[in-house]
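There are two complexes below, and they share subunit A, which is joined by subunit B in the first and by subunit C in the second.
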Partner chain A sequence: MNPIPIGRLLRANTTGCALGCKVTQGSTPSFGDMVIIPLTNQNKIYGLVYDIHIDDDGLVNQLAAADISREIIEDNRRNRNVPVEMSVAFIGWEDPQGRVHHTRVPYPPLTLDEIFQCDDEEVRKFTQNGSFGYLRAVLRNPELPVVDLVTAHLRQILAARSGIDAGQALEASLVEVIAMLKDDYPQMMDVLSAVSEIL
Partner chain B sequence: MPVNYLELQPQITAMGAETNLRQAELEARLKQCRSLLDQHNDDLIGLQRMVEEAVAQKKILRCAAPVNEPLKTHVPCHLPASPCTILAADGSQIIPSAHESVLFGLINVGVFRIQPGSGNVPSEITNSTLLYGDDLYVNDQPPSEDLIGLLRDVRERQLLAQLAQQEPWPVIALTDGQLELYHQPRNQESYKDKFKDYLKALDDLAVSEVITAGYVSRPRADLVVNMLSLLAGAEPAATEARPFAGISDITLLGSILQPGERSAIFRLQSSSSAEYSGKKALHFFYLNVGTASMPAYARVEMPLWVVEEPESVNLLHSVLVEQARQAGSVPYPYPLIRAHEIAVVRMDERQQLTAMIERELLKRGVDVKRQSEKQFHKGHRARTRRSR
Partner chain C sequence: MTLNDKKPILQADDPQNTPIGYVIGGGLKANLFVRLTRPAHEVQEGGFVVLESGNWQFYGLVTDLQLGAVDPRYAEIQNRERLSAQVSQLLASQTLYTNLEVLPALMLERGPEPGTEEYEKWRAALTEEPRPLPIKTVPTHHAVARLASAGDVAEIFGVPGEGANFEIGRTREQDHPVCIDLEKFVQRSSGIFGATGSGKSFLTRIILAGLIKHNTASVLVFDMHNEYGFDDTASDTGMPVVGLRTKFPGRVIVAGLGRGAHIRQHNPDFHLEFNESDIQPEDIEMLTRELNLRETTPTTLEALVQTFGPERWFHEFKHMVNGAVIENDEGKKVPAPESVAYWANQAGVNPMAAEGLHSKMSRVFNLPYIVEDDPNQKISVNSLRHIIEALKSGKHVVLSFGDYERDLDYLLVSNLLTRKIREAWEEMTNQYRGKDGAEPRPLVIAVEEAHKLLNREMASQTSFSTIAREMRKYYVTLLIIDQRPSQIYDEVMSQLGTRVSGWLGDENDIAAVLSGLAGRDALRGMLARLQPKEEVLLLGWGVPMPILVKSRRYDQAFWDSLLGKESRRDAAQSLKELGF
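Moving on to the complex of A and B:
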């Protein structure tokens, strides 16, 4: 696991959470990236970043129109409040024995729990048995930007695997997408069209 | 209806009419005051002597006294300011309340540290002190808001002195408001002890040659005007008979100060001058941190040890203008904005602290009362109205 946490949990339920993190572009996860939250009971929760937003306030509004120095920009990015808030949709969890479950998490993480970005090994572990049933947590959630999120997630899976393994994973994931969206043709075509962009 | 607007309307009309009349009176006074300013622009020795004589008659006289610059001096600033470290402090407090479930107070001081032009990320320091036990009783009475305010001011100054020692020179230590304290009652031992601590912290800052200043935004002081009043034959301490009542120093000097300029430096003569003795003697200048179309004035208080070093005054002047401009169209020194933000104790933080104390007391078998009935009902959300 990546040793440096990207942020801490602000609020959560069993379908997702919001986390606050400091701005250090390059080390923060991007839209669609997989993250992991270790819990105190040895469980780990997996999720996908589906929204990243930066809040403003009165002072930031004031500063935006001013000719400000580098130090003040850094102060506002690093010291003031929570500069970046990310929303995460949970896609599964891992029990203390290391078994991965593609089901709803049994218990949400707690306030200020640390969140880490998944490395390639963790991405492979979560998708290792070729089952992509967890995608229903994304495809059936009307609150999520489904097309873009699935595409970004598949891009990460492809990057974490190589050669035939990557091709097989892509094929298996698309079979799952088609099966789940068979009654929603426009959405399915949107997903397939977007996925074709990353191939 | 929360406010009876119908009842207020004629009063507002009367207020407007009176303001018109008052404006005409003030214009006449201002003209006379400006005339005295012009006549005595260079008469520094004469004015100093006049203030000294007036103080001999009335020790509580509060006015300005010139130092070594003509009264109408206006000095431009040099930008960018030279490299330095700025430490800005502000404080907030929780006043002990008998209506809460537990009796406690809090002094919270926030310090913002920035090194302009260095590229270094600024930092925040917070110092929180819980007031409990004997702190909550002064002469068997709960401490007054003034005493808690004094404790806060002392802690701000002590923290600045402590942090400044770790910084390379030059260091600018800024606080919001004046350096001269106004808390009452000054004759109580509890006040005197804390005031000594405050003066000690100022001494520490002097030893470290820290460029110490208090920033008063939109000042309403009439210190220079009061000095000119003496020329017009006013009784030094009278309030009703003052010939230039209603005229502030900014009304008088504002038009002289172009954007970025400071006024002459004056010595502050007040009833507490004797207590700020030696290097601590308080001085001030006025400053325009705004623009040509939107001037923004401040009064900057500083001790004698800063005034004695022209290089320090120039740096303070430049830094204040530069940092105020960082705040955009509403100029105010950015480090002070941030220090306030760091220091302020929000309602949710107060509730969290109360809950922590309650838990500790309950763990130790202490009976924790609930909030008073009054406090409970004041805590309801404000009523809302259905909009159409």
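Moving on to the complex of A and C:
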């Protein structure tokens, strides 16, 4: 786990949450990245970033049309009234004994809980549990950008593993995706063609 | 980790048996359906498969392979340009499939896993050793399917060399030997079918060789084309073909039809002739179509027998003169005493009908192998009896027709000889059943071009149909060899036990071979897709279940296997040792 939190929880339920964070493009997670939320009861929740949006506020509206210096721009970017908001879809959780579960989280995190970006080790741990059944939380959710989210997530998995291990994980994940989407031809072809581009 | 690593979907009980799929549906009436988990080309129509379901094994034959897709679009649209190769292949493996249609035939209870407590309990509760049974139920969903192993084939068809098991071919996929039980084979009439050039003659030679070697029965072969007795040459390849007499000297006798007959430049062991007294009216009636006889023929023949007796009628009729007239005292032309018309008037038979019959029978009168009864001419008196005695004593006879290749010769001689044999075997059987004689030796009569003797029109007139229907009770059965089974009387076809069929193209012929058999609809297409000269389908009462085999080659390897070192001995040497 990256020791520096990327933000704090704004609101949540058992399927996902929204977090607010500062904007520093170098350190914030990207679309599709896996994040982890440690809870007070020693459970950890895993999720995928599926949306990042930056809302405007009254001051930014005024500054946008004005001639402003670099310092003002940087200042307003860093010190925002309205934080950068990220939406996260939960994909599983880990119990205090370290067992990973690819099921809905028992209860959501609390307001202002810190959220961290997963490192390669955590990505490997979560996806090595046995199956990629957690992808159903993504594939069956009509509100998520399924094609792009699955593609970005698989890209992260490939980056976190190497060699034969990466290939096997990719194959296993695609088998799961195909099994879940085979009755939805348009969605299937969209997902697979997007995944083909990263291979 | 791939899916296969994570959870082995299919595992046969024996790790050496690779699963090929699993049951997904079907039933007893409609066949079973198996989802193939191997590439489609690894399984072919006719494959012998085993379905493992709990304590039972089910045995069946692949009768169809069907391509399918989860969604038709996966099959109709190629994705190789849109997707990467790996993704495209994964998609195909998950969304495109092949289903096998399996004709279930037998089931066998094999019990729990050996070595377990359940197994011991099961064994203790058995009242008899489990054996394959006709199928009565179905396997469960997802029962593992695999190709039959050598043990499975042996369980169903027997081990070659054990008892009367004779290897007739091998399974196509895995080359396991498939046997027929020759003792069962001869208990009922059998048939070898196939279109011209499909390898019937070679298959017949193989089966005859097996019968002769195992000595299960005596064999009489009506060799219309002189193929079986002496060495021959294959018409398509020009290669030499060993004759049965060459390989079984002393046990196989070649008889030639007619005095002075030469068969393939060889002298037969003896010449077959018939006495005129051997010819009976039914022998002539059987030639109705061949001689274009009229409906008055039976009446005329009956009158001849009444006048001259059953042993003289033919001779007397032959020597009558058609149209002979004399002048009577009044100068009027009247039939001469030696004329046909004269006799007809005496016997109360229509003279024109009698003259017509005499004229048409001239083809029979002129046959050189029908000779006058003469006690001094021992050849004609003895040759028919010689054949019967040889068969009774355990020898085998190949009757080669030599230069007599017309249908007339074949029909007359075959029927006549068979009638005599039938009489002899009926007598022996009645004596045996009356506790007054030994059990008759089983006899198999091999008949080529069987449709000429066993078509609907002839069936009621020939001895063959009687044999096919009834004579198994008298230890005589037929082995009919034919390329047009649709022309054989269906009552005869229904009596056939084992049917061995090569490629057939005609729908009616296919239907005839399969008539009366369960699963015939499923097997129909298989017969039309057999590889000529390579594959045959075994079916019928005589085999436990239908099976497609690669037929054995009739070559030196076959003889080495059948006869061992004996097969390479020179025929002359063998004859010398036997005192010939």
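Operating definition for what follows: the second predicted complex is superposed on the first by the 195 of 199 C-alpha atoms of A that agree within 3 Å, B and C clash if a C-alpha of one lies under 4 Å from a C-alpha of the other, contacts with A are read in each partner's own complex, and residues count from 1 in each chain.
Note that in this section a residue touches a chain if its C-beta (ideal position, glycine included) is under 8 Å from a C-beta of that chain, and two chains touch if they have at least 3 such contacts.
Remember, predicted model here, so these are calculated numbers, not experimental data.
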Room on subunit A for both subunit B and subunit C (clash or fit): fit
Subunit A: partner with more touched residues, subunit B or subunit C: C
Following superposition on chain A: angle at subunit A, subunit B versus subunit C, Cα, nearest 10°: 160
Partner chain in contact with A:Tyr185 - subunit B first, subunit C second, else both or neither: second
Partner chain in contact with A:Ser196 - subunit B first, subunit C second, else both or neither: second
Shortest span in Å between Cα atoms of subunit B and of subunit C, once chain A is used as the common reference: 48
Touching residues on subunit B, where the partner in the complex is subunit A: 114-124, 325-330, 334, 337-338, 341
Interfacial residue positions of subunit C with respect to subunit A in the complex: 1-3, 5-6, 70-71, 73-74, 79, 82-84, 86-87, 90-91, 94-95
Residues of subunit A that touch subunit B when the two form their complex: 59, 62-72, 74-75, 78-80
Contact footprint of subunit C on subunit A as seen in their complex: 128, 130-131, 168-172, 174-175, 178-179, 182-183, 185, 188-189, 192-193, 195-196, 199
